[in-house]
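Same chain, two partners: subunit A is paired with subunit B first, then with subunit C.
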Partner chain A sequence: MSATQVRVRPVVGPRVSGRTAGRRRAWWPYLFVLPAVAALGFGFVLPLLTVLRNSLYAGSVYQLEWVGLGNFSALFADDTFRTALANNLRLLLTVPLMTALALLVAVVLNDGIRGWRVYRTVTFLPYILPAVGIGVSFSVFLQLNGGLNGSLRAVGLDALARDWLGSPHWAIWSVAGVVVWQQLGFGVVLFLAALLSLPGEVTEAARVDGARWWTLQTRIHLPQIRGTIEFFVVTEAITVLSWVFAYVYVLTAGGPAHSSTVLEFYIWENGFAHGNVGLASAAAVVVLALAAILIAVYLRVRVRAANERAA
Partner chain B sequence: MPARAAALPRQVLLAAIAVICLEPIVFVLMTSLKSADEYAVNRAGWPARPTLANYVEALAELPTLRWALNSALVTGGSVLISLVLAAPAAYAITFGEFHGRSLLLGANVGLIMVPPVVLVLPVFVVMVNLGLINNLLSLVILYSCLLVPFSVFFLCNFFRTIPAELAEAGAIDGAGPVQLLWRVVLPLSRPAMLTLAVVNAIWAWNELLIALVFIQNESRRTLMAGLSLLQGRYSTNQPLVLAVASLSMLPVALFYLFSQRSFVRGLTAGIGK
Partner chain C sequence: MRRSRWPRIVLTAAVAAVSVVLAGCTAASPAGSGSGGAGDDAEHASLTYWYWAESDAPGANDWMKGRIAAYQGKHPGVTIKLVPQATDTLIGAFTTAAQSKSGPDIATQWATLPVLSQVWGGAVAPISDYLPDSERKNWIGTQENTYQGKVWGMPIYLIGIPLAYNKSLLARAGVAAPPTTFAELLRACAALRKVGVTPIGGGNKDGYFGAWFFSNFGKQNLDSVGDLQQAVIGTTDIRDPKVTGFYEPLHQLHANKCFNDDIASLSLDDGMSKFAGGQAAMAWGTDGIVAKWARTLGPEKIGVVRTPTWGTGKLASVYNTTQSSTAFITSWSAHKKAAAQFLGWLHDPANLTSWYEATGIFPADTRFDQATITSELGRSLWELTSSPGSVWLENYLPPAVDGDGDLAAGQVITSGGSVADAVAAFAKATEKWRGQNPAEVKNYTTWSGR
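Coming up: the complex of A and B.
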């Protein structure tokens, strides 16, 4: 198995210079990209500009009133917003955990352990399942009298059983657990694909030199897939900051008492349930700013990871 | 392969991970086979009297099938339209020469990770003005647009692996860019297009936020939106809700088990989405 069949080469100059040379300034490429550009304009550019503008206004969609940065000061004065932001930052803590765990599993699978394909299939399964289906399932599984506490009690771990979703202290961590549960397989498959495509000679040479298992992994294997690891870390950071609405919506609906709300949920609640477009847009701008920083990192990392693959 | 020492701890680790991955899924399937009465007294155990009654009720009395059909329509429509939008653009970016080419490619890569939550409010207003709220078309339109960046990026990566000679041979025969794309490049790209379609279909099938906001009419909801709202309404009949949850995951899971290669490839291709 390899994920490299789609090779990423840096785009340098025209691909088929001989063919295009005679037709410089050809009109057809503009025509070809027009529909896609229109779609990007409608789906991304226009909404992004609108959200930036709306963040400076208050009132309903139909009666907007200029308030400058008022929404932003209101935002940071709002306890619920601060909880949401803090919760997204808490979710960020899952990223190193997921990465380490996925690496461990991938490295072990890469050892050609018996049944590694089956394990890969099993760990990847949660990743492709719909977050809503997963969330609904876990909302029952994690109830006070649900499956998890039942299993814990059955094996004598009563002390660990708790009200996973109903306690303001635990709710966000339960959401975090579900996110890890679902995203882990993505890391495993990604890392395993990178490990399997490493040249065997380097590993052989290191082993001939007497490298032990741990040394082999940390000094030889992991440095070679560094780009892929960085890619995963950035992707997951963006995910937990701005793509977790479905989990929160079905697992806890932000409760109890807003204790597990996140930025996306806050935007949805203010924009659609409370009709407070200005506040929701300001919060969206905050999410966008956070995402933009990470996307900038993502662009750099992606190029590096791609080169690693192509090499 | 490397030293097989310490095989036992590794098998234990993998077995533990496998159990953790499967346990919640097994719980859902088990629970969906229990009657509400049995679930009240038997939460975590195997069903003593397994019954398909919840599935029958989910399909016959809840609008599950209607929702699934809506989801299928929206998924099919947006996957198709996004391909039609992205393929010519990717072709032009890979084989053509025009102002802003690398900017366009860069923009597509950057937009892949833009969170939908920042886009949904303004587009909602546009859809209201177009009279498309409560119309599945609103979802098809926005989903198609949101799938464009990844599709363009993915197809560019694939098109770049097509030998230039093939395209050149076509050009010498006097074929224009339209014929080259249609007769040479797309037929060669069938497996890649299929993989892309699979990845995009999962995204569209699983999407919640936009579906929840754009469609408020019960019978027009997508499966995910419908399922997410069932929970509160049937809080006394969890097995029924989990039967619908199982049904929502079933197509994706089956599809995955039968075409795993395509999934794994698609989701890690050109490294990930």
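Coming up: the complex of A and C.
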């Protein structure tokens, strides 16, 4: 070794090899995300695993017995579950109705009619009211001798009066009507906000080219808010699938004779009122699967739309 | 390196999570009644009482608040937090609490099977272990909650469900005497309809009117509650008219317009209130509700009779009485002695009197001073409610069958369905219970053969 040669010790930190340091650095990001992962684990994954596990057992919480997939076959053999599933599908029919009505109102308000802000507020009001309050009010209004039938009879439309909540044929449609009434405002505000944010130049150019009102809406405005419409449709589909418990509970309690029950109510009734934890968990798994399908459809639609725009 | 290790970490965490879940679920097995522990001092305790009675006995909540205040005054080391419970969630809320062995020291469930289901789950401490026989022998209705030689809960009151009638409305229709047979009831309905009066006020949107009908008429073809129990466990056919034939009279009453036309869209309470408003000539109500009606309409205008006879079984002639709700000590309470002492004190003669004065409902205790009953109506109610051999049939249905079958089947009829559909709904609910609750079925079978 010459005098000019100096042995330089690599700077790697005090007595730590490069490999160990790399490993320590690699752990830092995980430490930062650990609280969030733990919260998700305890708040979401753990309950989910519990539900999945319970769906394979029968009995009450005290004495569970392994039945494998028996609960799922019992579910589909249960008339009440099939009614609940059919009712949720019936409620899905309200989604296109809600979407069409909300679009119609939003388009009219977007034309800047006099007092449109007031109309927007009035339309939105039901959306911010608590579901239980709405349910209680409508359960009085829709009685056989309640406000709705009273009004119909007063104007000579007795033939249209029905036992809206007491008839197995009408109860679920009464629930559907209340849901539409309450959710409509959300759609109107959402669509109106989207329409108001559209660039005015495009509309002006279309007008110059001779586009009339209908053409303007169907060819210019609505295609531009397609993403918002898709979002609303999927959100409402999930809402009527898994967020209508309060309406059913207060309006009809699932009756008469289970005719207006829905999946959520079925889960509650079996899990909490009757102690059939396994059956309730199996029904919850079915709801989860249905919601996952809807979300997957939504994501696929979004990806396809993004690809089309990119192309 | 990181890429290869991370999946393993996730897998380990997932396995750990699943293990925790499985361990937690396994721990939710039946527990014994246990003991109050070393700190179980009757004079030093903080108790939580989940209480339900107001629906049966209007005025019950205020009475209990007053009694708790009085007890805390006499026992300064004891505090009692009263938590009134809702009817719809009475069973579910307690079952959830029992799962984690936390919540009340004293709880309320409806008598017999709702209580015994919790006993079988290990959530109840037998009150007979904490209060002497000299005290318990005065309670009425302990047989409703006796299992394996122990009394598991304490009755506070008795309710009977008479058929109340409005004397002036019956007179207006030319009905000289209240109906005592089903044929007379149908005739009275027709006469009342002719003069434009609703014969019977009721509401079945919540299913409870149908459940009362089950207890009032369902027992009338039975010779004992054992006939029902055998059908519930499947030894005999529940479709047998002996057990479910009572839907026929319900259907006849509905078809003959004996009920208010909106019975299917009103709750039980709203339907019954038609009687209090003078809009219906008859209604079934608890003793306490009848007493409330008497305050509104005037006691001289109301009469009571037992449910008209329809069936031919030995139980056709017995009255419908139950303690309805039962107070019990939870197995996890650290203050069982304090809880038992408080519950026993509620049967103090002064408290029995104040209960009757506050609610118009009779206390479930032989020490009740009958001289307190001053009205003619009150004496009529007492005569019915205290009649021997009374049975409340709904108590003998597993809660799941009651909720899923009994309530729904009654709704089938009141919303215009057929007897066959109602019977089918009841039978399906029973089969579902047997399939879903193997352990409870075993316990029920053992108990029914007691």
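The criterion applied here is as follows: the second predicted complex is superposed on the first by the 256 of 311 C-alpha atoms of A that agree within 3 Å, B and C clash if a C-alpha of one lies under 4 Å from a C-alpha of the other, contacts with A are read in each partner's own complex, and residues count from 1 in each chain.
Throughout what follows, contacts are C-beta pairs under 8 Å (C-beta built on N, C-alpha and C of every residue); 3 or more make two chains touch, one makes a residue touch a chain.
Everything quoted here is computed from the prediction, not taken from an experiment.
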On the A-aligned overlay, A:D78 touches which partner chain: subunit B = first, subunit C = second, or both, or neither?
second
Based on the superposed arrangement, let me know which partner A:E236 touches: subunit B (first), subunit C (second), both, or neither?
neither
Where does A:N54 make contact in the superposed view: on subunit B (first), on subunit C (second), on both, or on neither?
both
Based on the superposed arrangement, let me know which partner A:G275 touches: subunit B (first), subunit C (second), both, or neither?
second
Tell me which touches more residues of subunit A here: subunit C or subunit B.
B
Go through the superposed model and pick first if A:N145 touches only subunit B, second if only subunit C, both, or neither.
both
Looking at A:L46 after the superposition, I want to know if it touches subunit B, subunit C, both of them or none. Which is it: first, second, both, neither?
both
One more residue to check, A:A26. First (subunit B), second (subunit C), both or neither?
both
Overlap of the subunit B and subunit C footprints on subunit A, residue-wise?
26, 46, 50, 54, 61, 145-146, 271-272
Contact footprint of subunit B on subunit A as seen in their complex
1, 3, 5-9, 11, 14-16, 18-20, 24, 26, 28-30, 32-33, 35-37, 39-40, 42-44, 46-48, 50-51, 54, 61, 104-105, 108-109, 111-115, 119-141, 145-147, 150-151, 154, 181, 184-186, 189-190, 193, 203, 207, 213, 216, 228, 231-232, 235, 238, 241-243, 245-246, 249-250, 263-264, 267-268, 271-272, 277, 280-281, 284-285, 287-288, 291, 294-295, 298-299, 302, 305-306, 309
For a test of understanding, state which residues of subunit C touch subunit A in their complex under the given definition.
1-2, 13-14, 17-18, 20-22, 24-25, 28-30, 88-89, 91-93, 95-96, 98-99, 117, 120-123, 204-207, 261-266, 399-400, 403-404, 408-409, 411-412, 414-417, 421, 425, 428, 432-433, 435-440
Subunit A contact footprint on subunit B (complex, rising order)
1-7, 10-11, 13-14, 17-18, 20-25, 27-28, 31, 43-45, 84-86, 88-89, 91-98, 101-102, 104-111, 113-126, 141-142, 144-146, 148-149, 152, 154, 157-158, 160-161, 164, 167-168, 171, 176-178, 181, 192, 202, 205-206, 208-209, 212-213, 224, 227-228, 230-231, 238, 241-242, 245-246, 248-249, 252-253, 256-257, 260-261, 263-265, 267-273
Could you pull out which subunit A residues touch subunit C in their complex?
23, 26, 41, 45-46, 49-50, 53-54, 58-65, 74, 78-80, 142-146, 163-168, 252-253, 255-259, 269, 271-276, 278-279
